[in-house]
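Got a structure for you, written out below as structure tokens; questions coming shortly.
Chain naming follows the written order as A, B, C, D and E, and within any one chain the residues start at number 1.
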Amino acid sequence: MTVGTLAALAVLAPFAAAALGLPLGRVLSASALALSGTFLAAALGILVASFAAAAPARVWETAAVLTPTGTIPVTLGVLVDGLSGTVAVMVALVALAVQMYSVGYLRHDPRYPSYAALVSLFTAAMLTVVLAADLLVVYAGWEVMGICSYLLIGHRWERQANSAAAVKSFLMTRFGDVGFLFGIFVLGVAAGSFRISDVLAAVPELPAGTLLAATLLLVAGVVGRSAQFPLHTWLPDAMAGPAPVSALIHAATMVAAGVYVVARLFPAFEAAPVSLNVLAVLAVVSMVGAALAALTAGDLKRVLAYSTISQVSLMFAALAIGARVPAVGHLLSHAAFKALLFLCAGAVIMMVGSSLLTDLGGLREVMPVTFVTMTIGFAALAGLPPTSGFFIKDALVTAAEQAARGGPAPVGAATAVLVLGALLLTGLLTGAYVTRAWLLTFFGPPRARFQPVHPEAPPVMTLPLLALAVPALLLGFGGLNWETLRPQRDSALLSVLLAGIGVVAAYAGWRADPVRDPAVALGRLRGLFATALHTNDLYERTVARAVRRLATVVAGVDDRVVGRAVTGVGRGARRLGGVIRLTQNGNPQFYLTGLLAGVLLLAVGVVLLT
Amino acid sequence: MNLLTVLVILLPLAGCLVVLALPERVAVGFCVYVSGLTLAAAVGMVTWFDYGRADQVQLSVDLPWIPALGLRLHLGVDGISLPLVVLTALLCALCAVYLTRPAGSPDRPRALVSLLLLAQVGMTGTFLALDLLLFFMFFEVVLVPMYAVIAGWGGGPGRVAAARQFILYTLLGSGVLLTGLLVIYTSTSTLDILELTRRGGAGIGATVQVVAFLLVAGGLAVKVPVWPLHSWLPDAHTEAPTVGSVLLAGVLLKMGSYGLVRIAVPVLPAGAAEIAPVLGALGVVGIVYAALACLAQRDLKRLIAFSSVGHMGFVLLGIATLTPAGLNGALFANLAHGLITGLLFFLAGGLAQRCGDTDIAGLGGGLLGRAPRLGGLLVFAAIASLGLPGLAGFWGELLALLSAFQPAGALDRELYLGFMAVAGLGAVLTAGYLLVMLRRVAQGPVGEPVADVSAVEWVVWAPLVVLVVVAGLWPRLVLGVTDGAVRTLLGGG
Amino acid sequence: MPPEQSIDYLATGPPLVLIAGALAVLVADAFRPRSGLAAGGALTAVLVALGVEAVLAANAPLATFCVGASCSYAVDSFTVLFQVVLLLAGLVVLLLARVEIRQTRLPAGEFHFLLLAALAGALTLAAGRDLVILVVGLEVVSLPLFALVALRRYDGRSTEAGLKMFLVSVTSTAVMLFGISLVYGATGTMFLDAIGAALRRPDTPGAVAAAGMVLVLVGFGFKISAVPFHFWTPDTYQGAPVTVAAFLSVVSKAAGFAGLILVLTVAFGPLVAVWGPLVAVLAAVTMTLGNLVALRQRTVMRLLAWSSIAQAGYMLAPLGMAAGVAGTRVPELVAATVGYLAIYAAMSLGVFAVVSYAGWIGGRGGGEVDDYRGLAGSHPVTALALAFFLACLAGLPPGLAGLFAKIVVFRGVLTGGFGALAVLMVVNTVIGLYYYLAWASRLFARTGSSVHFGRMPRPVVAAVLLSGVATVLMSVLPQLVLGIAPAGG
Amino acid sequence: MHLIYPVVLAALLFSVGIYGVLARRNVILVLMSVELMLNAVNLNLVTFDVWLADVLRSGQTLALFTIVIAAAEVGLGLAIVLLVFRNRSTIAVDALRELADRDAGEVLNR
Amino acid sequence: MTGAEIVFGLLGVATLAAAVLVVTTRHLVRAALWLVVALGALAGCFLVLTAELVAWVQVLIYVGAVVVLLLFGIVLTRAPIGRSSDVDSRNRWAALVVALSTAGALVTVVVSGFRDAYTDLGTPAGSASTMRAGIFRYWVLPFEALSVLLLAALVGAIVLTRVDIGQRGPGGGDA
């Protein structure tokens, strides 16, 4: 069995689980189906990745024509190399953890079967995005992820807010996807093939304009899917979905898929620096803005959601300055710690029944496992040593610093300086919001009434927490193999220092009054940040309202103009008939006059014409 | 095996007459039997079709009929028509089965069955005909039975008006179509579509081609329907009984787009090159317009009906590119729309039967809780309709967009890029209204439970679901058949 | 003195048979009134005449009453087709008449005599090849019809209808005769082919001939109810006995077309550039006006009248294209008109057949359209037949015959390259469908109280069957009536 | 003789007949006017026949036939007129308007 | 101007004048009498044109039969014998316009067509014997058709005027 086949099987295993689970989830054991499918994917992924790791320079590619199209055919196949292998393993493992966790988390939910199947389907789709060799197939996976995200966000669709959030998330991402698809068209048509390897091989020959257009369009898709500014407002709302879904889709995998795609097609982006500059600016705005929002958000999951936006921006910023390896490294480490954080948040929610920070507090004793693992996650998020986050952030700062100093980077030094500044500022803010959330969740007096249960969660839930805590803590050491991932003294000190300032500031604010939210200190700015500078309102007021109004107008026009034009013609014909029939007045002399006058006219006409 | 080609027309025709002599109570059963046999014959055609020569007409029958008109009874299938013939047989059979529901047995079944079978004759014949006038004849056969089905078995108080508007409007279209076909005939002296395709416009002057194309496309546009000639459609679909809506959306609209692919584009290439941008523009306007109109619809059936306008807009855009990819996409979208919208109308009919109405607000929401399987199917159908990859709706849209990105050489590329962009936006809006609809119908607070999917409904709907998935996952099933034929049609293009 | 003209009894057989039959019927009825002898005799005469047609068809072409190369009476495929159509139509009308005569107490002997006389005139019209016989033939068709229309003597409406038709007819005849006199003055002959030859000569006064031609057309325009010669039609149809209206709508109209085609193509062929556009305009106006006013009709007989006006417009349309095509292709156009006419005859008679019986439900001949509501509930077969014939008239499948007729006419129009008229026809077809549909849909309306009338009498059933079979036959084999035009055009 | 005299006379006579047909109320007067029109026809026919020296005598023959036709028309016409008079007690042309295109509800305006 | 032209002119003026009186007089009976004058004058015209047979038939049938019939009609419909005010319809002005236009058009056409045509009245063209030859050698068919026409007219007239079966039918009617 070749590596390609194994990789294909890795995709097919969760797909099969979904295909069986969706119609038959109530008959078969849904959890067994989902777990086995995901497990198989993980195992095969590890196998494939190990092959890839053993031969870092090698690329395995298989392809068969999926269908003729009349122009460039669509091929079905996998592309395995170090990048895709590693990311695939990450995806499969996080999915496995989440599936396992979900068994416990949703054990009383009658809709668990469809839920599990959808998560499996999502896993398959994400693996497709990672492993597919054809850009259009990537797009297919990309879209399927979207719909799974939609369905899972709307898992509790009884509440209008949840279904609204689901719709919003789908539409905003799909808006970006249109650009993504067109970007694929531009690349594929220019290269004469939609196969990634062909496209990349063709990049040196492609005209700059084509590459620019293609990459800009791809950026649009990526921005939507990864919830970057200006298409970021869906992600906080998407927290309406169950916590494990947030962990998998809205933290670890789908949201980061954009990073993967840019990394995958990096040669094309490198050849179009303008796009990278755009990406960098968007990332900087998202990074800082989301961090500010996280600082003030009142809901634990929303804090995490904003932090996700912010962290994914870090990856994009890294890509923009050419630091591909740190970007992918952050992708992996972020997947680990952010999934962990969300799962922990899920455990908290299960215990307290709420994720509002004002309802939490003092959970340290009640939920020891969660406390420990979540602390690790938070530390990694804040980039504190020795967690994985520390290594990665250090690498990012180093890369930015080098680029700012004029090192080899696809974007100019000015952009690099901007990125560096943003990185440092974000480090500070991250330290602050992490500390705030941590303190408000686990310390101080309990603020909501709930019945503490023991154990805090069934082992099927705590096990994934512990499992994810390990890479969150230790993954950084695995990256020491790579030159770019080794910590540099100056930058390490700087970033830890900044994070520490953030932590201390937050702590100080909390210490003053443990019951009060330290973010209150921000005063008026708090409301502004919490709403992400009113971007959501802005969209609601402009785009959504405009579309709705336009829809009403169109419906009215259709009814009154287009439809009535048709009926009006009919009515007009009837009326005309009514006028003409007046000539049929019954008077034979009138008839004769008509006849003779008609003849006369005809005769005169004919004589004049001859 | 050319007998099969005749059988798929003759069986329903015979059934349509014979059923009138049978007692009322066996009529529906008889219909299932006849349409089942027809489906079997269609499957036979699929079996005996030589896929290696999909670009050539097979299983053909060619007999002289009316020499005074130059009309020949020339029937046959190639890669373009085969899928549609099967689709027709399938949907008709499913409709027949649907009528057997104990809860929804129709009033005056004998007449209804007879009309449906007659409509089937016309629909199948349209896809099989290889003679311009024969095509037109079958095209017309559908009108009266469809009118009668809407007017006689429709649900609402506006059914007679809707039926009348349908038949008058489409007759106007077919009159224009006839004029166009005869313009072709008067300048070529042949009615044979294959011969005309072979000539590829040779012998017809450029101006005549433009005029003829305008007439033919204009006539077919009413049936497709192309914006702004669509106003018959929402009313007709809304008022028609479920089987009527299914056949209208599932098959009838395809007759228009099929005609464009089969006649207008290959026979009048110069005219097509001249007018295609207009078609494309109308197509994309239709996509956006329909999506916006759908956002404001309050009735489920009306919404689905408007969505047809949008989907057919993609079909039109594909055709307007005059490329193999575009035509492939159009044909695929045709098929997909037939399956998906057929399913949607079945579901809407099921809802109407359960809740008494298809008013979205009146349905009460929470369907996923009140009848989980029914709700699940609705979600599935809506998602398929919005063009999710992996389901049938995707490939048609994809190819339409892709072909608009690289339209035929003679066309203005910048313009088509604009079309593509607008169509892409339209796709977002399409998703928008479908999801909003799901939000209001399938989701939300759960009210009183309603009967979930019954056995008969499963029998009818399951094949559609399966085909939507299969066609989505394995598009080669269709595109592999159409591709060669489409290339031949465009002159080896 | 040279010998008198001899008579070719075979060629003139059909009208002679009818005349003989008419006389026999008159005599028989005088001696044995109300015995059914009249009806039987008339039917026999028509059947015998049809038999003669069969012989004629085998022996055509024939010509008789010749002076030099020109003949007054010719039998070719055109004549045979027309005569067969006329005779079959006459047969249907006779079958229908049996019931109506009984129901409305019409004098049977005179009725049949007049009908046969008119029919004989119509046959002569299709065979005549000079202006004298054409005008006399036209009068032979018209005069008995005045009497027939007014035959419900107790009914003021019937009388009024007769008078209206009479006045318009005699005026038209006078105008036509004046036209003939001008044509005669301009060309010096009455024979159609000789007129054609004379018109090709340069010294013929063109303006006089053209004016004469227009006036000659009036007589035929009256017969075929073309606008503006149509005014009498609706009133007359409404007042006349239904069977007589059927005769007017089919036989009289067909005879008018036969004469019109002969005059236009054979005599005035050289003036095609003049009459082509004229006829085209007449066609356009006729179909549009007819259809538009038909939209507003509720009375069945008036509806049928306006529809027959509109249909005349369609039939004229191909003729109107003659100026646009090469002279050798004019017969194609004529054939289109002839084909449409033949098909129209069958389907229109079908409607009249059903209406003649079912229409009595409303009290007056034909009734109101609303009287037919729910007919399908009580008389499904009758309703189906009527719906079928209406579909034919609308030109929609399952009425394939009507569809073919429309196709033929459209093709004719497009052969002439006159797209605007074709588009106008499209619009008219739609309007036409509207009112046919309005009627047909009422048949199938679900009502509590649907009409009931007794079993259809056998002659009516036979008439419906006859028209039905003819229509179905032309749905399957329309070539029977397509592609036939007069020789010498 | 110059041909203009008879043909112009015929044309004028015909026009006078037309005026009568269109202007007279009494059906019998209308019939008389029709006779004038037919006589104009006859004058034309005879004139042309003589002018052409037609060996077939077409014109004069048709003139004779026209006279016969006129007689037949008048005969039948009078029968109808009498019938009208019997049914309606008037023979004013413009009073015979029961058959006309109007909706059932409309008042007959006699 | 030849003598024939003068005679014809006078007769023509008489014909036309009588014809105008026919269509304008307010006396029904006088209209019939003026018709006789017009027809008679026209018969004179025919004689000038050497169409003897036509002239005599004109006098016999028209003056002898048709006008008598019309007079019968006047009597039977109980028309006022004297001057009556409503012999003309409201259509008079339209009639005048149509008639004048017709006259203008026809005169223009025939004058343009026969401006230079002269007829030779030297050889009598319409004696009874030559006419008989014409009719029976060349126009047998219309002649025979005409007999049918007459018979039909006769039967029609009789059946319409017979009063013996004038009852109402079941279909009703307004009598």
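Just so it is clear, a residue touches a chain if its C-beta (ideal position, glycine included) is under 8 Å from a C-beta of that chain, and two chains touch if they have at least 3 such contacts.
All values reported here derive from a predicted model rather than from experimental measurement.
Among the remaining chains, those touching subunit A and also subunit C are B, D, E.
Between the chains D-E lie more C-beta contact pairs than between any other two chains. Put simply, the chain farthest from subunit E by mean CA position is A.
Taking the mean of all protein C-alpha atoms as the reference point, the chain centroid lying nearest to it belongs to B.
For the pair subunit C and subunit E, the distance between C-alpha centroids works out to 30 Å.
Distance from the subunit A centre to the subunit D centre is 93 Å, each centre being the mean of its Cα atoms.
For this pair, subunit D with subunit E, the centres built from the Cα atoms lie 7 Å apart. In this assembly, the C-alpha centroid of subunit C lies 24 Å from the C-alpha centroid of subunit D. Residue positions 7, 10, 14, 17-18, 21-22, 25, 31, 47, 49, 51, 56, 58, 61, 65, 69, 72-73, 76, 79-81, 83, 87, 93-94, 96, 98-101 of subunit D are each in touch with at least two other chains.
Of all residues in subunit B, those that touch two or more other chains are 168. In subunit E, the residues touching two or more other chains are 89, 91, 94-95, 98, 102, 105-106, 109-110, 114, 133, 138-139, 142, 146, 149, 152-153, 156-158, 160, 174-175. All chain pairs in contact, by the document's touch criterion: A-B, A-C, A-D, A-E, B-C, C-D, C-E, D-E.
Of all residues in subunit C, those touching subunit E in their complex are 1-2, 4-5, 7, 12, 19, 26, 65, 67, 72-73, 103-105, 107, 110, 113-114, 117-118, 120-121, 124, 128, 132-133, 136-137, 139-140, 143-144, 146-148, 150-158, 182, 185-186, 205, 207-208, 211, 360, 363-365.
For subunit A in complex with subunit D, the touching residues are 581-582, 584-590, 592-593, 596. Those residues of subunit D that touch subunit E in the complex are listed here as 1-26, 28-29, 31-33, 35-36, 39, 42-43, 46-47, 49-51, 53, 55-58, 60-61, 63-65, 67-76, 78-83, 85, 87, 91-94, 98.
The touching residues of subunit C, when paired with subunit D in their complex, are 67, 131-132, 135-136, 139, 143, 146-147, 150, 153-157, 159-164, 166-167, 170-171, 173-175, 177-178, 180-182, 184-185, 188-190, 234-236, 238-239, 293, 296-298, 302, 368.
Contacts from subunit D toward subunit A in the complex involve residues 18, 21-22, 25, 93-94, 96-102.
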